[in-house]
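To keep things simple, chains are lettered A, B, C and D as they appear, and every chain counts its residues starting from 1.
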Amino acid sequence: MRLFASLPSFFRDNYPSAERLGVPVARWRQSIYRTVFETNTPLGKTFERYLTLAILLSLCVVVVHSIPGTAEGWRGYLLRGLEWIFTLAFTAEYGLRLISVRKPWRYALSFYGIVDLLSIIPAYLAVFFPDAQFLAAIRALRLVRTFHIFPALHGFLSEYLMLARALQASARKIFVFLSVVAMIVLVMGTLIFVIEGPEHGFTSVPMGIYWAISTVTTVGYGDVTPATPMGRFFASVMMLLGWGIVAVPTGIVGAEISRNGTKARMKGVECDTCGENRHEDDARFCRRCGTRLQST
Amino acid sequence: MRLFASLPSFFRDNYPSAERLGVPVARWRQSIYRTVFETNTPLGKTFERYLTLAILLSLCVVVVHSIPGTAEGWRGYLLRGLEWIFTLAFTAEYGLRLISVRKPWRYALSFYGIVDLLSIIPAYLAVFFPDAQFLAAIRALRLVRTFHIFPALHGFLSEYLMLARALQASARKIFVFLSVVAMIVLVMGTLIFVIEGPEHGFTSVPMGIYWAISTVTTVGYGDVTPATPMGRFFASVMMLLGWGIVAVPTGIVGAEISRNGTKARMKGVECDTCGENRHEDDARFCRRCGTRLQST
Amino acid sequence: MRLFASLPSFFRDNYPSAERLGVPVARWRQSIYRTVFETNTPLGKTFERYLTLAILLSLCVVVVHSIPGTAEGWRGYLLRGLEWIFTLAFTAEYGLRLISVRKPWRYALSFYGIVDLLSIIPAYLAVFFPDAQFLAAIRALRLVRTFHIFPALHGFLSEYLMLARALQASARKIFVFLSVVAMIVLVMGTLIFVIEGPEHGFTSVPMGIYWAISTVTTVGYGDVTPATPMGRFFASVMMLLGWGIVAVPTGIVGAEISRNGTKARMKGVECDTCGENRHEDDARFCRRCGTRLQST
Amino acid sequence: MRLFASLPSFFRDNYPSAERLGVPVARWRQSIYRTVFETNTPLGKTFERYLTLAILLSLCVVVVHSIPGTAEGWRGYLLRGLEWIFTLAFTAEYGLRLISVRKPWRYALSFYGIVDLLSIIPAYLAVFFPDAQFLAAIRALRLVRTFHIFPALHGFLSEYLMLARALQASARKIFVFLSVVAMIVLVMGTLIFVIEGPEHGFTSVPMGIYWAISTVTTVGYGDVTPATPMGRFFASVMMLLGWGIVAVPTGIVGAEISRNGTKARMKGVECDTCGENRHEDDARFCRRCGTRLQST
């Protein structure tokens, strides 16, 4: 819920504000600040555009690197070279951010400060522990940096905010719904484990729950499936059940979105006397103070 | 339908009311009653919180116990120990509930009384019949106890009631819809059995029905799939059909939810002068003629 | 479309009306007619109830008979015996229907007359051609008889009609939508056949289309799946596409259902002067003749 | 977005207009033009009908040809013969189109001109490079020609336009939604690759992304599935997540469709006396104050 609540503001500003970070006095630090932190100056916009590009390219390198065969021969050298170039560039960016503010710790301890740091550390660690598999997991964090891209899409901001608000407004209903689903899945997972048993692939209750979720969400991998007549009857009931309740979140979010649309149409005109501006489109008098509204 | 009809009241109160159970005269029994049955006294709230925690933990133990390998060695001892502790705790709780009311049979024969009893019996039975597989099935009943948690989430009550009411209102439509789906699935299951036959995995009509349900609900396990060209053509028709009719329950529930939401927002008062009655809840003047609205 | 158009009337009356069949003059034939054709006489209701039960039971026998192992030993004798009893009963019913009307051919050539005949023929044919597999296909027709049950559910008639009307109203939109889907599936099925080829299971274009349908409808059997990187990329695009367009039929039917709901609320009061009765609930004057409406 | 924006006009006219192509002066060329380009003359209609039939039949031939076994013996000769007949017919059609206009290049370089050319080239190329597999890919382009059929379905035009407009109106929201899904899928695909690794089928990050898409869209092929407990837990979270967000596009399109429907029904006129403007299209008196409405 917290997550949902912070979504709209999250899409608007990512880094701590200028007031919190403290814009420095020195000219050269100010101009760096303007470039790396602000997104409404010409230089800042250019910087953000190239940064977004660099992040996307570095992601491509990480993705391509994971394909077996690409890490060998000249392609391996190329990929590792590119990875190092990106790592150094991001390190420089991190350094510039630290230098250009008066309170570097504020930045370093902010969410994006930590993300910026974590996205460059794995490459350095990989020098000392070359086959540490777990490092790749940290690399995935670099993906969070792509959230940078969102504020760049200024044109789509209203759509982002609208979707975020619809999700936020229905967060409580969805939470309630998910808790009911959790209960169903728990009961069903236990029952199928009892009915089918380990000899048909249902090795434990968690396995049964995994199967129940894959059935109720209509994903249906088919890696574990009931093999007894009773298990199949039971699965059939569950599929129909899942099919029925899949309608619920759709209904919740759909209703929220169409309500939002209605609200948007309801903005109407502003009252000259009291300033109330949430009037329906066909209202002729202010619903707050009774003054006749000026049509637009 | 009965089930749906009783949903809202079900989420409000689980145990029989104080009037039905009969609050005892003795002080010590009264104070036990206050603790184990009432949820608006400080002690009752604390008790409920710990009970909910105990139920969740005991569920975890049951779930973990089912994983192969965990029942051996020291972990097996730990798990069995924990299970006994929880069983004894729940037995004590059951005893306290029986003692603290004047009409213990009323409690014992109520839905939750039976659930409370059934959730402790399997552990005792397991002593005498150690490898009775079917006992685990009864253990799953313990899950019903987690419904206790629902009333504890007082904040979400309105969302529960709203969802329950939406489902209740569309229960008849969904029943009608399911009966049509049942017909389709029956016809389709028989036809695929005739088309594909036992040599491609469709060993019987029930198997065909199981396949038809898994196809129409878009689950698609893939454990039995058509292998002849005609069977595949037939399956394609069914997938498209299922895709089309999946829209129906979504539409039903969605329409119900958005109707509920609109009703709640728009109850408003009627204007004495022009009769307009679609005012928002916080409007003070008529949006049509500017007359002051009489609050209700 | 024809099918959809005839749905509401289909659910109301199945057999040709008394005027078309010609009620006979003889007393005993009239009383048979009252029993087997009319559903609002006490005897007719009882007959219909037992007929529905008999149809459902005979279906169970057919379904159970298809399970391997049940056709052997005493159970086989029992099942075949029951099947013969039902066949004879349905033959008698067919005879009674033929006898009790003045124009038997009208009945025999009506849709339900043909269904009634086809549902008893296979059993007799099976005597002469004992292992004719194709006969089972005709047996499935017996299922159509269960449509009898629908009018029996008088209480749910309004829901049936409402769903049927919603589907009928959106039939054109759904047809248009399906033709677009057909095009997508055709193009995609051909492309995946070219990309993956027979060595990965895509043996022909129809096979590719079958895969495309199973992907676009999110069924995803997994019996044929892409194995090349390009095929997988292609499949990913299709899954997202299918996911996006699954919203369309849901939106169409959902909008239709919620519109129907609105219409229902719009029935309002009847105008005393001109008889117009489709007023919105909050209308105070007739929208047809301007007379003040009497509130209910 | 461009694609969506051009959809409504796309369904209306496919070939460049008469003004752009230049209708020739010569009688015989004019009459050819009337036949092959115009669709509202009797001859033009007949031509279009046969062309549509020919395209559909030639598609059938291509589809049937791909089935293994059909390309051998007399059936192979028949199919190849039919393919050549269709190719020659389409070549003749292409020639007629080129001849009948004053500016043949305008036609040749228009979208449909290129499609017409590309749909006949593969057959000729196949003579010189008989086993070129990639040619079949170009053949699939012939399918685009079936778009011809759309304008022929004049009766359904309003439904096409309505669906196209609904998609166009929600294109921005769907784009935003897809970008969020892309992010989720990227993060999830990387994480599952790290968790499960190549030994369980997740050979690379793209493979992980492929799996993530198949899970989030509830397709669930099951060709790669998690095999470790943690991977399964992770997959369960993703299925529920995908299930939740599948509601979003449904909600967007659904809200758009029902808004479109409402708008169409409720445009109405404004009452001169009270200003009420939500009248149904066929209302003649104001539903609020009974004044006669001025028709528009």
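Quick notes on this one:
By definition in this document, contacts are C-beta pairs under 8 Å (C-beta built on N, C-alpha and C of every residue); 3 or more make two chains touch, one makes a residue touch a chain.
Note that the coordinates shown come from a computational prediction; the quantities given were computed from them, not determined experimentally.
The equivalent interface to C-D, defined as the listed pair sharing over half of its contact pairs by residue number with it, is A-D out of B-D, A-C or A-D.
Between B-D and B-C, more contacting C-beta pairs join the chains of B-C.
Interface residue usage between chain A and chain B, two copies of one sequence, is largely distinct: under half of the residue numbers at the contact are used by both copies. Computed from the mean C-alpha positions, the centre of chain B lies at a distance of 31 Å from the centre of chain C. A separation of 30 Å divides the Cα centre of chain A from that of chain B.
Chain B and chain D have centres, each the mean of its CA atoms, that are 42 Å apart. Residues of chain D in contact with at least two other chains: 206, 209, 218-222, 246, 250-252, 254-255, 258, 275-276, 288-289.
Across the complex, chain D meets chain C through its residues 59, 62-63, 66-68, 133-134, 136-137, 139-140, 143-144, 146-147, 153, 156, 159-160, 162-163, 166-167, 174, 178, 181, 206-207, 209-210, 213-214, 217-223, 246, 249-258, 261-262, 279-280, 282-292. Chain B meets chain C in the complex at residues 172-173, 175-177, 179-180, 183, 186-187, 190-191, 193-194, 197-198, 203-206, 209, 215, 218-222, 225, 229, 232-233, 235-236, 239-240, 242-244, 246-248, 250-252, 254-255, 258-259, 275-278.
Taken together, the chain B residues at the contact with chain D in this complex read 218-222, 250, 254, 274-276, 288-289.
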